[in-house]
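Everything on this sheet refers to the single structure shown next.
By written order: A, B, C and D. Residues from 1 in each chain.
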Amino acid sequence: MWRSARGAWLALVMAGAANAAPPPPLQAEHLVLARLPAPSPHWLWVYDEANNNETDMRLYLYDGDSHRQLGQIDAGYYPSPAFSPDGKTTAVATTYFARGSHGARTDVVEFTDNATLSVSGEIVLPPKHAQAIPLYGAGYSADAKFLYVLSLNPAAAFTVVDLAKRAVAGEIDTDGCVLVIPSAPHRVSSLCESGRMLTVTLDDAGHEASRKLSAPFFSVDKDPIFVQGMNTASGIAFLSFLGDVYGVDLGAAEPQFAPVWATTTAAERGKWRPGGSQVGAWNSRTGRLYVPMHLGGPGSHKIGGTEVWVFDTATHRRVGRWPIDVKKYGSTQAIQVSQDDRPLLFIATDTSYLLTLDAASGRLLHAEPKMGQSPWYLFNP
Amino acid sequence: MWRSARGAWLALVMAGAANAAPPPPLQAEHLVLARLPAPSPHWLWVYDEANNNETDMRLYLYDGDSHRQLGQIDAGYYPSPAFSPDGKTTAVATTYFARGSHGARTDVVEFTDNATLSVSGEIVLPPKHAQAIPLYGAGYSADAKFLYVLSLNPAAAFTVVDLAKRAVAGEIDTDGCVLVIPSAPHRVSSLCESGRMLTVTLDDAGHEASRKLSAPFFSVDKDPIFVQGMNTASGIAFLSFLGDVYGVDLGAAEPQFAPVWATTTAAERGKWRPGGSQVGAWNSRTGRLYVPMHLGGPGSHKIGGTEVWVFDTATHRRVGRWPIDVKKYGSTQAIQVSQDDRPLLFIATDTSYLLTLDAASGRLLHAEPKMGQSPWYLFNP
Amino acid sequence: MQERLDRLAERAARGLARHTSRRGFLSAFGRVLTGAALVPLLPVMRGSQAQAAEHAAKAKAETTDPNSCEYWKFCAIDGFLCGCCGGSSSSCPPGTQQSPITWIGTCHNPADGRDYIMSYNDCCGKTSCGSCFCNRNEGEKPMYRLSLNNDVNWCMANDNPNYHCSVSVVLGVAGK
Amino acid sequence: MQERLDRLAERAARGLARHTSRRGFLSAFGRVLTGAALVPLLPVMRGSQAQAAEHAAKAKAETTDPNSCEYWKFCAIDGFLCGCCGGSSSSCPPGTQQSPITWIGTCHNPADGRDYIMSYNDCCGKTSCGSCFCNRNEGEKPMYRLSLNNDVNWCMANDNPNYHCSVSVVLGVAGK
């Protein structure tokens, strides 16, 4: 019965008082509102697609150190989250209906104050917000002047929101190319069916100043890249279905494509593949890349990983190969790594476990069961 | 490969054609909208509380003969369903918010055409609809002139909707008494904390004409009755926590209380108890009562049943005692019986199985897994 | 005597419900249910001896882990434990609002052998937390005895009545 | 030659997307994707040989139970099977609306040894059916090749874009 420190203390007090008097009764408690602790790089946003109840998708804020859920943002139907550069705001572009699943449609970006997890405001959007994978579905410009929101209806475009004016500045047709990948100062890049990257540069009013289509840098037919990209120190990186790494430097006016390198040996290629709903995680400080891999053939690109392979992105050498206890936790559905020097690796599984690992050693630190209904994407704050 | 009748037929055709020609290719299909089969007394409405996603509660229409789901009504936040006397309409009183879980609140009754499962209209309600157990949360008058909707905020009342005028006729304060139990022509009865029944009689405009408080007929302190009542041939019946049956005849202007009888022997009493979220089912044709029972003490009244006890309500004799395979299916959470001469007994379990039993023999006819997230109440159409 | 007091409290609450505005009633009702001075008038008191016996029989109530459903304070809770949602057993998660109205229970604390009156508030304004669902019903009564019922949404009277999670707040020692 | 046709189709679709109104585009796009006459122009054709090889390797596709995820028609479906929701593999449940736009797959039918072009329509207007979730991805491509992608909500262009379930409709035999 006396298992905790508090319990032991009470026992001591009771023993000290001998049989003199009973312990004092507990004082009345006062119901208060919990405050968030100071922000930490070990915080994680878990995206719950609520697959059986899609009008009720949400983001859970989870602390990888205390292994506690810190709070929740209600996010509506197919939300796309974006995190302000100063870390103070979470923007969620989403869709609501006047009668739950029916009635008038409203697309809107809602802003949550990350200090209180309260909605601090909203801006109504054109009713075209992409109902798709949330990664690179919305993004802040580096100076937080604009928010970009992906549209798909099925014409592809993005909406530019002027955050100072709290109004939609306009809409940019992307000619079938998808994703909003922001780069400084006011550029947005997208992936095209032709294997090219489209980069649109905006003027100060948020209107299109110019656009540029790159040369093809991947082949949709031979080995398509996953749209689930990863931020790197200088831009973005994509994995291909066969596990090749496509780095894109977004520092200049036009994207620069790094030499493609493979996560598999010739013997592994086509047998071991990345898969799941979020297929890689990249730590910009340590330069480590984490790829969930499984044994499978063509068409298995959404099968979860049974191992996590770890790569040094400078040398392209595999430096770790960590099996997942699939029988116990399920296979990896999503993966993310914290962006600090002592990083944590987070894995959401297809049985809704959230695993926290030491990203240096692969040691399992915690397994949190029932992390929502469909924890399919993991975001750093 | 050739397992089905169709497969075997194809194999014959192919054999008959020798090596002459390959079978003709499948014709192009045309996507159509499925039509509902003719209504059946073996239809069942399964109320899914979607406990982890409560803004997305829904009703599934299930056919106990074909063991198929026939369709779905999206029902919002804490819906109360009611079924029109002619069987053509399902009314759902519920609550929506302009932004999913936040924003302006709208309480509304929505009408679904049971032939097409499309919403045919709505009437906005005062924003007080009870967020509580849905049984007797809404109800039609016998002549379908009025719909009554329970309010709780926390003052108890009910809203009278004039269906011909498609407008709210008014609100009746029930002085703390709860439930809307309609009886002909325009009476509504409720249960009170004092163990009495309040009966309000309405005039043709839907306003209060008179009210009458009965003598106490049960004891809240000694043995409260569950609010989860059951329609009987002449009124309504309630079970108490200890398993006593309280029948109420609603045929006259004032409720008549039948002698209380026990479902337990003196030896069983206080040991075997009814429990769950819907604790009994009553077939008015056969006069059979079905009570899920478990072994438990005070405070166990929401524990699911491990057996179903069957009673002849004329003789009060137990005529069946049917164990549930709890290890396989979970314990009973809700129970319902079809209102025909060859009735089916339906049981929803706490692991979301929907069991279909022959209500005469107790034989298990079908076990449907994953019947929603939280199938806590079962309604006859 | 106890019975008379109960009836008094009942009649007072009813009177409030009938004769005051919604807001006025709510704030008064809130006071009745959370104001320590009025606690001895609550009908819950009746059940406390039966409760104690029940507890003695069970005797398994947790005293150490406030995120466990077995924790002693949760003897009549029906919902998600706020401690698993960013709050604690007596605090609401960030961004939610507490319900001003509550249901009441009497729980036995094995650590000091006392019965305590608990207020079970809901935390409101966000959708279901979904973690640590806990359904215990010691002394719980059907909806017609509203202040002892946990089947209704106690966020019902909040500006935003979405139910997120539940807390269990010690109001005081139950009178013996 | 095939490549030139593909490019033509691509350019045509793009042109429509850019230069016509939303409604006009949708109806045209719908025609492109469901009109049998235009099927040979679809980019999906490219993959059919690779697909066939893949299928030969798997060879386990169901031919009898159209509510099984393994049923041959579902080789690139990602969603709830409408047959478990009140519809069938080629009909939408009562009260829903079909999506006018679709994604496309090529599935091998072991019963006659042929490859068929399938249109995967979503049924729309009610929330997630929740039954018989099925996720198969033979020939599925990322979102930038939209007509072969099953990760977007194909109800996106419906008046009510709520996703309920998915069907798999035979369009015709894939050209060899």
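Operating definition for what follows: a contact is a pair of C-beta atoms (placed from the backbone, for glycine too) under 8 Å apart; a residue touches a chain by one contact, two chains touch by 3 or more.
Here the structure is a predicted model, which is why all the values come from computation and not from measurement.
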Which chain lies the greatest distance away from chain D when centres are computed from Cα atoms alone? C
Quick check: how many Å separate the C-alpha centres of chain B and chain D? 38
Chain centre separation in whole Å, for chain C relative to chain B (CA means): 28
Centre-to-centre distance between chain B and chain A (centres being mean Cα positions), rounded to whole Å: 41
Send over the residues of chain B in touch with two or more other chains. 52-56, 74, 77, 100-102, 373
List, in ascending order, every residue of chain D touching at least 2 other chains. 126-128, 130
Contact pairs between chains, per stated definition: A-B, A-C, A-D, B-C, B-D
Over in the complex, which chain A residues touch chain C? Could you list them? 1-4, 6-7, 10, 22-23, 25-36, 56, 58, 61, 68-74, 112, 116-119, 370, 372-373
Residues on chain B engaged by chain A in the complex (per definition of touch): 50, 52-56, 74, 76-77, 96, 98-103, 106, 108, 110, 119, 122, 373
For the complex, give me every residue of chain D touching chain A. 10, 13-14, 17-18, 22, 25-26, 29, 46-47, 50, 54, 57, 75-76, 78, 101, 125-128, 130, 133, 135-146, 151-153, 155-157, 160-163
Considering the complex alone, what residue numbers of chain A touch chain D? 51-55, 77-78, 95, 97, 100-102, 105, 130-133, 152-156, 173, 175-179, 191-193, 220-221, 224-227, 297-302
Spell out the part of chain D that touches chain B in their complex, as residue ranges. 36, 63-64, 82, 84-88, 90-98, 109-114, 116, 119, 121, 126-131, 164, 167, 169-173
